[in-house]
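Both complexes shown next keep chain A, but they swap its partner, so chain B is in the first and chain C is in the second.
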Partner chain A sequence: MPDNGRKADTVTLTIDGREVTVPKGTSLLDAAGGLGIDVPHYCYHPGLSAPAQCRICLVEVEGAPKLQPSCVTMAQDGQVVHTESPAATRMRKGVLEFYLVNHPLDCPICDMSGECKLQDYVFEEGREKGRGREPKRVFGRDDFGGDVLFYGDRCVMCTRCVRFMEEVARDPRLTVVERGSRAVIDTFFERGLEGASYAGNIVDICPVGALVSKDFLHKARAWDLDHTPSVCPGCSQGCNIELHTRDNLVQRLKPRENPEVNGHWMCDYGRANYEWMNRPDRLKEPAVGRGSDRRAADWQEVLQLLFGRLQEAGGAGVRLVGSPFASNEALAGLAALGGEAGSVEAGVFRSPRAPDEDPLPGFPTLVRRRDLAPNVDGAGILGFERTGGDDGSGGLEEVAGHEGVIVVLGDRLRDQGEDFGANASLFVYLGTVDSAAARNADFVLPIATFAEEEGSFVNVQGRLQRFWQGMHAPGYARPAWLVLGALAGALRGEGTPASAEEAFQRMVQEHAAFSGLDWDAVGAAGTRLEAAHA
Partner chain B sequence: MAYPYRHEKETRVLSEGFGDPGARTVAGWKNYGGYQGIARALEIGREATIEEVKRSGLRGRGGAGFPTGLKWSFMPKDTRRPHYLLCNADESEPGTFKDREIIRWTPHQLIEGCLVGSYAIGASHCYIYLRGEFFESTRVMARALEEAYEEGLVGKDIMGSGVDIDITLHVGAGAYICGEETGLMNSLEGRRGEPRIKPPFPAAVGAFGMPTTINNVETLAAIPHIARHGGEWYRQWGTDKSPGTKLFCVSGHVNRPGNYEFPLGFPLMELIEDVCGGMRDGNALKAVIPGGSSVPIMSADDCRDCTLCYEGVEAAGSMLGCASVIVMDETADIVKQVRRMAYFYSHESCGQCTPCREGTTWATQILRRIEDGRGTEDDLDTLIEISEQMTGTTICVLSDSLAMPIISSIEKFRDDYLALIRRGERMGAA
Partner chain C sequence: MAISVKVMRRPDPGRTSYMRATLKGMSLTFKHLVRLKKVTLEYPEDQPELHPRWRGTHRMEVHADGRPKCVACGLCPTVCPANCIRLVGGEDDQGNRYPIVYEIDEFRCIFCGMCQEVCPVEAIHVGQHFENAEYTRDRFVYDLDRLMEQDHPTTLLWDPSDPRSE
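The block that comes next holds the complex of A and B.
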């Protein structure tokens, strides 16, 4: 691009004494953000329109007669901006005091405490002592329907929730009623948010504790939660999320920003779908033997016995049943194991499918997909074929009666009878929970859920996305990539992968679709598989 | 027909037809020279009409005093997109009752002004946004519009000129904030009456997202006269910076309150003492709010040499606003008056901006506490600080409008506040 062309596209300004060059049309707030300067704001949210009404993001712009709202004031060449000038800080102090005039200050019982922007800003630069002597306004609590509870007294009237429902969900179910200090957020009629499929996001974007999740209500304090970057396992969209855990339990899922996948949002189906990660009835130790002969054994013995059986099984015909909930690394390990044991048939997987999709109209990239599992595309790329019906059952008739080797990874075989694998020469069941259909399994191996291990999925966009370990697997359960990698590695004489990254690297070498990918480079944002080939 | 009060010193341009029910018809208005202004405008063309208005120096009568001709010239010349003229008839400023009178008595004066304005800015549709509580004005205006349509003065091909101008009467639902120009646009579009952020300004993005000019009733009422007689003619009255005549709405403790029309620059004391017949019961003058409730209060001292024009009132420490002169005598309880204003603004705040939403209500609560004798001297500092925080920090100027009377009343009538505070302290109420 020629030099003069570049000039037209960017502007250079000075913020708090530091020069910064930003694209034309960048707001002062974003330009300051680029320098690591956090201009306090409530009504502004990067995923929504900016009404410039909270008035706390006002900054001093030299030459302007009054303070300017930084969220809607566009950066201009040569502008000199002060976010910390006496006028700006004095104004912020004043606005914060206005917020506190009617705020209940019920932080000790407020779910938002610890991650509340009012708390943060007042702590940073509010008045030490309030001057309010008047009785506070009381709105009380309102059930907005769905998972959302409204505490009117805590509301700062930023209207992010109203704008989210209007602009992003395109399902305007909230509004401001009344005016002045009597103004309050409310629903239209009794239905409220009931049945809205993206309304949970308004809890995330509420800067204070006005909108809270009924599911999370009083469950944990924000500062006790560990945050782990992850990928939502609810459907093949693979929204980037954070697992919020405490006491080795997932307490809630929160969307993690990724403009390529989910923006700032996630759907309510995915958000609510986490209790299974906290199941207490997990497989906790490996076992060998069929039916009444089954006994617990330690991993070393189990793997040695299984290694021996696999060596003997050569040529008997192998059937692999994978799962779209398993990581790429686990599925690649399964495929490798099958190959070493002499598999010629493609492995299969079963996936529940919803009757329809549920898009987010204001951010059309995000759709709750039909496939209600995170790694359908990864399983496909790794050579597994879909079988069975949309309810995730059926399609295993041939496998059930197979007389050679059967290895099941992550499929709970809920629809299968106790005679599943009765004729198999070797039946290995790797699962998180036990199954009646695993009665004939020669080996029952406890594995970790995705929340308990590192790994990657491929989403519907063909995007490889990594997730991290947020909790400990119960008992002796181990990541499937480790178990399968150890077995396949032993059969090949190349040892056990020491980490998910090593398992990933083995997969990259074997499967052309992943070639060129680098574990670290994939990072937390993920990468499109085609991009690796470009 | 004697309009409630008249005075021989008046210069009646806009108010000539006040008190004459005959002026409400097309024929009656034509007796006053009506519909000659639009005829001349159509003759000289758009640009020349804007030039005449510029030459007249007419300043917006809604309160801000922005030059009308200049405002019109901001409209894009390209009229492929619809342009709109909005007539702001949501007269809600406490103490103001001039627009209502123009509409009640001379609806065709306004219709003609709307026609000239629409023609000049290239609008083929004009909306008159009328305050919801103005029942009689609504009736009169609706009837006048109907007649104007029947007479071919409004609608398709007005007066055979080939120009189409429709006028729609839109009745608001009674909110002060809908008199703020962008709040009015939102309300007209069916949204909440909340002021919009500027920029973009209405001339670029206004009603329905289109280039829009919005003028006050009194401004548009002066337009037919300027169009008919020319800008120079209008300048025979008033001062260099404030040309023309203006309606003064005088209310409060005077013997003859009412609407009086004078050239701008008329002395305030002459208006009170002579035109309005002096103070009630011969009481002493205490305070004047010269421009509707949103401007600083003037003490009797401030009034002495004040002339009623934009620059004159500014020199006296206040603003002409919409020239609604509220006069208070020595019996007036300033704290109560300010508290009532504060309550009004807190009730009418749209609630978007934090300083206004919370500040107006908080100030009202403190003022009421002082009024009840439970205030402290610290409260006065708090009030001033709140007021400063409400000035220049919001989207529109509603909270500034409350800040001004609070600050000026504490500055000029601090003793009134202190007396209430001391009395409360004596009674042990604080």
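The block that comes next holds the complex of A and C.
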């Protein structure tokens, strides 16, 4: 760090023989983490206070009479710290042995197995064989309510869950009862965690298998899951998440750290809202023809027929129905296609809205927003207008009877009758599942969900966030940006976008709100669209 | 190093007698003619004795009440090099973790025995068994019931009195 006269703000110390300069007030544990040294810890969590009670992060500081808990010891100038000295490793080995006095060896049936910190640390540094002869104390398991199940025997008393509910959720529903080896986490009376809307996070922060998700119970082993960085589609907050998939099915959603959006957390509504990605009754192949004339066809044929119809339609009035669940690239492709096919009379989207917001008091940036769709703001920026009611229905009266071109993307038209689009000269339906209202569609094109394609959303903060492909789309379903980009590209004579990145670049060129953005620079953390919310 | 060529001198075909070699061969034949030790096994009336470490088709051990011992920990499908085990875990009515689906494709299996070795509850075993003929191919995917029905002796992967070969 350069000496710029603000030297007092940083301290330089030596950890395991390596010198490091950190801001004043950094704990030894964080300073070591910056060097890539992982000091074992249970009670410390970057999003919570540090009570220094697990005693496993003790490190040797030269000059200190005893080992120091690195999570609360602040880095000081000239400190010399050893995390791997004989005293520190001997102490960790001892602490781990104490943890295993009562911890059951039920790793084979424990859901945390494979991502358990106790398992990791004992495997790295623990004793090969236990020396305990006494029977272990047994608590059994307790239903905490909500989605949380508590296995008291596995608990290491780090109290992260208690502190999360107290400090972050500000809804103290958990506490430690009893003392010593009989100490156990418990709820107050019969109230439990029922109705708490952020309680799922205590399952994530539990370093062992004491708190597990009922929904995920026994479903998959941690090492079988593929992790894909993504964005939660539950609301317009756009929490950064990871899709955990196995056998081409989403098994669970986990928050991914992003201090600008969701910190370490996500809400239970978003966490539980993934089953729709695993729907088996998906549209699997493109089809052409209205009503009883409908027949399946391959993409080549369908796109050529549709291209011909779009050229014929030239000049007709076009009405577009987008979806706040579609990516920016898909919506931009829809807008481009509408513009090429004729004159766009209206582009609308419908979004379900919750009656209220649900903030996380200890991390005010994170709020479960009213709009229960991930890309409401992106759709707005791309020229689509909200229509319909808060339950996501209605508002399509003008589209239903429209006589020109209708293109529906991603909206399932659940509330629309079978005569929807009956008068249209051309009706194209792009969707993940079939709809009764798509009966009059001339073309039914299967598209991928956000979990099956790459793309980006714009969240309520005006932040562009990318998501990655975690699953394969069923059958011949293709990403909407590819289908719409191919058609719009053909009408313009500029070819099909080869990747989501190319679709994104076309969008950046056309829409000023996105100008200056670079696909790679957006990265996994996302970036703010300054112009969008100026 | 130079290559050296060794020239073999063959006997002249016209001047060689094969009498000695023939008699040598015939003496071996006659020796077996009078030796009474039986070599042929009259299978299937006589069954061969399999070695203790013979690794044949699988068997699932069961508890006294008929439940499978398997706790669906997922280690055998993880360790299986042939990827022949399909396992879906779940919870039974007593709150125990158990396999809802446990299938072994015996055609894919290479009988390495690692599933038995890795099993923490000694549930899945390879067996001392080799008579596996079936009329259809799909019968070779053994499901949980089939694995529990098997009653052949299980394989000893190590000497129980000396598990570490010390």
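Miscellaneous remarks
Quick note on the criterion: the second predicted complex is superposed on the first by the 524 of 534 C-alpha atoms of A that agree within 3 Å, B and C clash if a C-alpha of one lies under 4 Å from a C-alpha of the other, contacts with A are read in each partner's own complex, and residues count from 1 in each chain.
We adopt the following convention: a contact is a pair of C-beta atoms (placed from the backbone, for glycine too) under 8 Å apart; a residue touches a chain by one contact, two chains touch by 3 or more.
Please read these numbers as outputs of a predicted model, since none were measured by experiment.
Overlay on chain A: chain B and chain C fit together in the combined arrangement. Legend: residue contacts after superposition of the two complexes on their common chain; A:D518 is shown touching neither chain B nor chain C. Centres of mass aside, this uses C-alpha centres: at chain A, the angle toward chain B and chain C in the superposed model is 90 degrees, to the nearest 10. By the touch criterion stated above, A:D143 is placed in contact with neither chain B nor chain C. In the superposed model, A:H218 makes contact with chain C only, not with chain B.
Partner contacting the larger number of chain A residues, of chain B and chain C: B. Of the two partner chains placed by superposition, only chain C is touched by A:I109; chain B is not. Once both structures are fitted on chain A, no C-alpha atom of chain B lies closer than 23 Å to one of chain C. Comparing the two complexes, no residue of chain A contacts chain B in one case and chain C in the other. Residues of chain A that touch chain B in their complex: 51-56, 58, 65-67, 69, 72, 91, 94-95, 97-99, 101-102, 131-134, 137, 156-157, 176, 178-183.
Residue ranges on chain A touching chain C, taken from their complex, read 107-109, 113, 141, 217-219, 221, 223-224. Residue ranges on chain B touching chain A, taken from their complex, read 175, 177, 192, 197, 346-355, 357-362, 365-366, 369, 378, 382, 385-386, 388-389, 392-395. By the touch criterion stated above, chain C contacts chain A in their complex at residues 71-75, 78, 89-91, 95, 97, 120-121.
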